[in-house]
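Quick notes on the structure that follows.
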Amino acid sequence: MKAQKVNVKKGILTSILSLIALTQLFPLYWLLMFSLKDNVEISGANILGFPRVWRWEHYVRALTDSDIPRYFINSVIYSSVTVILSGLLAAMAGYGITRMKWKLKGAVFGIFVLGIMVPTHAALLPLFQVLDFLGLKGGYLGLVLPYIAFAIPMSVMILSSFYTAIPREIEEAAYIDGCGIMKTFVAIILPIVKPAIATSSIFAFLGTWNELLFANTLIDNGLYKTLTVGIMSFAGQYSTEWGLIGAGMVIATVPTIIIYFMLSNQVQQSIIAGAIKG
Amino acid sequence: MKLTLKRMAAVLMATTMVLGSVGCASKDTTEKAPESTKEASAEKQAGALAEKITLNVWHQWANDTNELRKIYDAAAAKYMEAHPNVTLNTQTLDSEAYKTKIGTEFSGKAAGIDVFYYWGAGKAKKLVDADKLLPLDEYITDEVRAKVRPGTTQAFEFDGKTYSLPMFSWYMTLFCNQELFDKAGAKLPTTYDELLQAVEKLSKLDGVTPLIGGAKDGWNAGFIYEALALREVGAENINKMLKGEANFDDPGYAEAAKKLVELNKAGAFGKNPLETPHPDADAAFVGGTAAMRLMGSWFANQVYADKASVVQDKVVALNIPMIDGKGSATDYAGGFIESFYVNKNTQYAEEAAKFAIYINEEMGKGAHETGTGFTGWTTPVDESNLNPLFVQISKLVNEGQNSVLAWDTALEPNAASIHLEQVQSLFTSSGDPEKVIEAHKEAINK
Amino acid sequence: MDKVLSSKRYIALFVVPAFLIFIAFAIIPLIVTGVYSFFEYDGAGEKIFIGFQNYIDLFVKDEYFIKALLNTLILAGASILIQLPISLTIALILAKGVKGEKFFRTVYFVPVVISSMVIGQLWLKVFNSQYGLLNVVIRFFGAKDFEYSWLSNESTAFLTTVVPSVWQYIGYHMLILYAGIKSISSDYYEAAQIDGANNFQVASKITMPLLAPVIKTCTVFALVGSLRAFDLVYIMTGGGPNRASEVPATLMYNNLFRRGLYGYGSAQAFFIVIECIVVSIIVNRIFKKSENNASAI
């Protein structure tokens, strides 16, 4: 009797959770269906269902009528360089701040945290002038450096909370074994904080991959354009063919989903580990 | 530190200006050579000897499939062939991004830009005031002058100097879906009263918006008010107001606002006019679910070429309906606003100016031939490929005399924004014409 | 080891590269924005120093700024009172262990990784008056001619944009809270069980106090995120209709890039930054106090 009651309760709980899961997954389903329909279906005739005719040609056109493949590759370059460099730099800085002994480390950490508060568009015009002054405007570097700069604070925060949890003894043991600081860092410390690196990577990746405003203003050459910029101009050009725009959006979204699912274990582990310290 | 930098910049600027004027004095003498062929060959020779330079050109036709982009690319290639010492390095961004980009670049010296696409009147004025644009007067020869159609350069002239030459114009047109009018038993409107009657009949059709506004985008909302104001106030007075020579106080402005509210109450723009942005409104018209659309002549192309269009041969192009007893039928909304300009900081003022003049003429011609706009040049154009709707509009254009630009391009940016958002508020159920007029007065009257 | 860890050379090697890039491309631009905020500047012409006038105008002359601030407060309120409780409830349920725990955890996070451009487009379609999902459902339940436009009416436009903002980050906070709950040592629960505490007592007496630091983190993120909200509002309403759904960041964006009011826009930008810093300091203080109180007991 009691077991039955528990089962019913569990069943209700599971169905509520499933319902919520549906609302969270709905955008993916919707976007996919949207990209395969024509205007008539999208604007009323068939809002929720499967397309009456599956218009795969939207994908063919999105990939052949435009430079989307090239922009895709550009975005991969920007994102991966940002992820790798910001990850490395933040891992080092976080280690320096949490494990090394110096006076100003609190202040430096505070300045990094400040970076999380900056609304990025507030910095656009001055940033542009800084890049101009340094002669970096227009090329790959002119976009990658700001991306790295704005990815660093979050990564430093995530990684720092991990470093503080590492027992001193591990490092001490390494030093006694005669490892230098570099070797200790690379061979001992970094592997321990792998989940944190995965998490900061996914945040850096999302921030770069979905970024629009910097990509719009800081790139001078069509060759260097990113996918989001490409999709925007694609949407502008085919503004009345909604399905086609949908196909472009799917092409831009799929990599983020794949990467998330690939890394989701690590991400969850690290958020879980990170939260212990609050 | 900053001051010294500024001073140095000023000295440098003065030096280049002196050098520049010396350079053109000598050029003037060569240009007086009687035969143009002689001049051309001399130029080519000079070109072969001249140092090789690269001009950075910017425009906003970002997509390879864009008609204007194709025209530009062909013209640029031709230019490089004729001027072997000049390499054109062209960069593009899409419209909104382009505006942000140019605005940001010109907060500094815009060193990577020699020649660039921009809008005249209010937009260019800001750059002129900040001393960012190069006046082209000394590069515009009599021969070039003679090729420019009269009355096409107002948007590019400031304080007696010409900063650019026209490309092509647009013409505000009332596009009507004849099939839907027939179905509703409505008459194509030539006056405001007829428009109101047509709206009443058309609004009875199921699933049809009588006059799709696209008012979620400010400039679309602006079009409808500006069209009514054009008929109420007349082109001459509006132009004075836009240039700051007259105040925004003609009673016609308030009348226009009231008429817009009247149309809205009659259901002209559908139940939720502010819900539809510009592209969705275009899609509704070409998809046959809207009976009218008030748009620029460029829309004719979309009616024909859009893959989603079901209205190709059903569309009639009309002038903005008249208001009884007011205005002149030869007034129209539209005109020349887009053009290529030269950055004042360019290293190669002369070459940049020559290219800007050349590309404006070529773009005008090309745009006309593809049915995108009406050229501002007397250069002969091939009209054989134009779609019938565009031909209809070009007949209307030929009757036009006084034009008014879209207000948001003619006013300075802040006043333009206030104008658009105030007009948008007229599309809500609580829209208050008096408040809107007051806000306009505050923003425009000095 | 301590000698190595306090060696200036290594500290520089580890910290300086990240710090330099961050200073050059984030902090310096921010400071320059702060400097511009004291000028009248159109982005191209002369800069005229006007002291605090831009900041005074924010509150005295600008009829939209205060309204925009109120809007972000509504959003912040919704985040704290709706989003976080939902996240916390789900986290508590998942942490107790249900079938498919990992599946739910993964799926709930999906909206976080999708770009705002896509999320915005989706919700625009959901709220469309004619073919939007919401109105279709309402019509299905009887209101036949229901064609209310949620996003183009002044009274509902902003509240409508709050829905997707709250929805998108439920999974994000859920995951952080879930992690916090999982990290609470099981000893506490065993002790409570021995004392015969019920579920509610366990949650309120043990889980919540121990979870306070994590809740604090979530609160700061939710508040700061609300105060600088931009993307979804910009995509869905652009601040309209009749500017009813403006938030400070959309006002700032318009002033900077549409109206050429660069100095004034910079003041708005800088205000947002200051606001975020102040709010996070206040939240930290509040939690510190309650933590102290808790430990005093």
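Each chain carries a letter (A, B and C) given by its place in the written order, and its residues are counted from 1.
Everything below uses one rule, namely that a residue touches a chain if its C-beta (ideal position, glycine included) is under 8 Å from a C-beta of that chain, and two chains touch if they have at least 3 such contacts.
None of these values were measured; they are calculated from a predicted model.
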item	value
Of all other chains, the one whose Cα centre sits farthest from subunit A	B
Best-connected chain pair, where connection means C-beta pairs in contact	A-C
Distance from subunit C to subunit B - Cα centre to Cα centre, in angstrom	40
Chain centre separation (subunit A, subunit C; CA means) in Å	17
Residues of subunit B whose C-beta touches two or more other chains	100, 104, 107
Overlap residues in subunit C, where contacts from two or more other chains coincide	43, 262
Junction residues of subunit A - those touching two or more other chains	43, 124-125, 129, 232
Of subunit C, residues touching subunit A in the complex	1-2, 4-8, 10-11, 13-15, 17-19, 21-33, 36, 43, 90, 93-94, 98-100, 103-119, 121-122, 125, 130-131, 133, 136, 167, 170-171, 175-180, 182-183, 213-214, 216-217, 224, 228, 230, 249, 252-253, 256, 262, 266, 269-270, 272-273, 276-277, 280
Touching residues on subunit C, where the partner in the complex is subunit B	42-46, 128-129, 147, 149, 151-154, 238, 240-243, 254, 257-262
Touching residues on subunit B, where the partner in the complex is subunit C	99-100, 103-104, 106-107, 126-127, 129-130, 132, 216, 271-275, 412-414, 417, 421, 424-425, 427-428, 430
Complex interface listing, subunit A residues touching subunit B	38-40, 43, 65-67, 124-125, 128-129, 132, 137-138, 216-217, 219-222, 229, 232-234, 236-237, 239-242
Footprint of subunit A on subunit B - complex, ascending	62-66, 91-97, 100-101, 104-105, 107-108, 111-112, 278-279, 282-283, 286-287, 302, 306-308
